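Two complexes come next, and they have one chain in common, chain A, joined by chain B in the first and chain C in the second.
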Partner chain A sequence: MNFTFRRKRISGILTVLPAREQSFVDDMKNFNFPEARSLKLKEVMGYDKHRIVEPSVCVSDLVVFALKHLFEKELLLPDEFDALILVTQSPDYFMPPTSNVIQGRLNLKKDLFCVDINQGCAGFVIGLIQAFLLLEQESIRKVLVVNADVLSRKTSPKDRNSYPLIGDGASITVVERDTVDSVIHANLKMDGTRNNVLMIPAGGFRRPSSPETACLEDVGDNNLRAKDHLHMDGSAVFNFVQVEVPALIADLLQHTGSSIEQVDYFFCHQPNRFMLQKLADKMRIPHAKMPSNVVENFGNSSGVTIPTAIAFNLGDRLIQEKFKVCFAGFGVGLTWGAMLLDLGRVNFNSLIDYA
Partner chain B sequence: MTDYLSNTALNDIFAILKTIRPELDFSRSRDFIAEGLLDSFDVVTLVSALDKKYGISIPGTEIVPDNFKNLETIETLLRKSGAKL
Partner chain C sequence: MDKTLFYEQMAQILDAEEVKPENVLKDFETWDSLAVLSVMAMADSKFGVAIKADEMRSAVTAADLEKLVEGKLK
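Right, the complex of A and B next:
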């Protein structure tokens, strides 16, 4: 599905990551594998350290912290945005929506459209699409796209498939109308027939949590996890990404008459370095144009990885300069989406610690 | 199964497999995957080592268990990926 948006822009990005850092070498002690084999994996996948919340920290804690930071620094005023789109797979509660919890904790205005979207690694692209659609309304001048997840709390430390790569975090992306005639193109696809490839099997209404779903099970390859934990079919996800994402980006470039050479950066979701470098090789994109350094430094925080990659790799350069960028998010659903836009001259682009 | 694979290439692949799982004897196996000699992460480590050794990038879409069953399938994959054996 193709989208075209006119006169819209991203005017600021803030990422907040837990200050607590865990190292892969420490994680290894929980895995039922010889150390040498785990260390090889560390080298290939780019696992090194990841940011994990303390067990009691929730999504709204990270987001409230980030918004307070923006308000205190006067980078954003509490009254100047009209919608808050929260994209998360780890809400504080089933009900009420966590976006409303955030609104309440900050005593934000009542004329605020708050909505939660249950999406993951494609959540940055999904959130932006929703924000651009809302900005078609006269009454909405500025929208916050908030991506946030604390999925480490639902990941088994004894599951080498997923624990070493998992990270927590939140990002606030401010979206508003542009004064120049800019055009943003996006392409989005979904395949619900593969919904079981990435899932938390228990804890919802289909299979409520119970002592049984909390029991660790040997799920093969010496990995232990419970039904309450995140399950990822690594091979299926890898194959999905390698087959679908290059075609998606190629379609977007073709549709917009753009070439790889014209794009300064491809900011993709960050599952691991190996997967991203294979993607880049398949599309003949120089590795320098497709950063893959988020997992090794911070972990994979679902929809937060693209804002993290932008903040970590461009930082203050994004305040002065403008780049042609392509975003690509892919994951749970399955969902995959890409977006081509001019990004730059923003008011802020930074990464802070939640402590 | 390795008649047309040079001894050097054969030794190189065996040497790489040995660094990944030094405790196993790959020469006695007909199917590295089915017999549990390589798991999915070992395959990733193997691909990375083969890429480096032969100066290629094995396409992500080719990283499927069937291509890593034995020396013959690995050799076919390497040739398909542009390796000079």
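Right, the complex of A and C next:
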């Protein structure tokens, strides 16, 4: 489905990543796999190092840290935003919503619309769509789209299909009304029949965690993982991205009468370098226009990867300059969404460490 | 379909000097999930077809994979 939003803009992006860095070479020690093949995996997929939290760190810890940073630097005032949309798959609790936990920990005002959305790799696009819809209300001046996940805590270190690429992090994106007559287009699709391609099978109400769901099982190729762990059907994900995402972006460009040449950057979700380069090649997008360097430096932190890619590749340039960008997120659900907008002249765009 | 290209690509993916149609995939130590993914990527970029890992599961020899790709081309 297509969306059109008028007079809305992104005015700031902050990404916080755990300071703790782990290398693929360290990860390899846990794999039950010939070293040469592990190194081949590293080379082909573009794995190197990734940022993961200490095992006790929760989503609200990362987000409170990020918001305090913005308040202290006076880049954002505690009472100037009226909604906080938290997009996460790793909430602090089943209940209450983690957005309320954040509100409480920071003593934010009560006239604040707090909502959690359970979404992942398409979560940046989903969060922005929700934020733009909320901005139709007069009482809402600014919305924070908060993407945050600590999925390393649910990933088996002995599963080389997922562990070497996983990353943790949080990002705060400030969205507000634009003073010029700007237009943002988005395109979103979902397919719940493939909801099992990316899932954590146990730990919810359908299959509560038990000693049995904590047992590591050999799931093929000597990868060990429990039902409590994140499960990713890598080849099904690859097929999904290869088939659906080029069509999604092509549709959005066609719908808006735009061409690849007119777009300065394609900021896609970052599953790994391999998939992104294949995607770029298939769409004939020059690699320089589609950054794919997030996973090798920081890991894949689901909804946080697009803000990370923007901060890492553009940094302070985004404060002075303006670009035509296309976002594309794809993952759990399955969900795939793209957005075309002018991005720039923001108040801040940076990456900080959580320590 | 360019068969020479297909078998050259298979040799690259499997880190082998040469891959022949009758070669059994499981006889290669390098035939693993990474190789499966690489075959999917190769089929897409060199032959323009999308194949699923499920469809590859019944392939025993390299020729079976070749037939799978060729079948999609039609």
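Assume the second predicted complex is superposed on the first by the 355 of 355 C-alpha atoms of A that agree within 3 Å, B and C clash if a C-alpha of one lies under 4 Å from a C-alpha of the other, contacts with A are read in each partner's own complex, and residues count from 1 in each chain.
The rule is short, and it goes like this: contacts are C-beta pairs under 8 Å (C-beta built on N, C-alpha and C of every residue); 3 or more make two chains touch, one makes a residue touch a chain.
Since we're looking at a predicted model, the values are computed, not measured.
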Chain A as common anchor, with chain B and chain C clashing or fitting: clash
Touching partner for A:V44 - first (chain B), second (chain C), both, neither: both
Which superposed partner A:F274 touches (first chain B, second chain C, both, neither): both
First, second, both or neither for A:L84, with chain B first and chain C second: neither
Which of chain B and chain C A:D221 touches, first, second, both or neither: both
Chain B versus chain C as contact partner of A:I166, first or second or both or neither: neither
Which of chain B and chain C A:A236 touches, first, second, both or neither: second
Contacts on chain A seen with chain B and repeated with chain C across the two complexes: 37, 40-41, 44-45, 221, 234-235, 238-239, 242-243, 274, 278, 281-282
Chain C - residues contacting chain A, complex: 15, 29-30, 32-34, 36-38, 40-41, 44-45, 50-53
Residues of chain B that touch chain A when the two form their complex: 20-22, 39-42, 44-45, 48, 57, 59-61, 63-65
Residues of chain A touching chain C in the complex: 34, 37, 40-41, 44-45, 161, 220-221, 234-236, 238-239, 242-243, 274, 278, 281-282
Residues of chain A that touch chain B when the two form their complex: 36-37, 40-41, 43-45, 160, 221, 234-235, 238-239, 241-243, 274-275, 277-279, 281-282
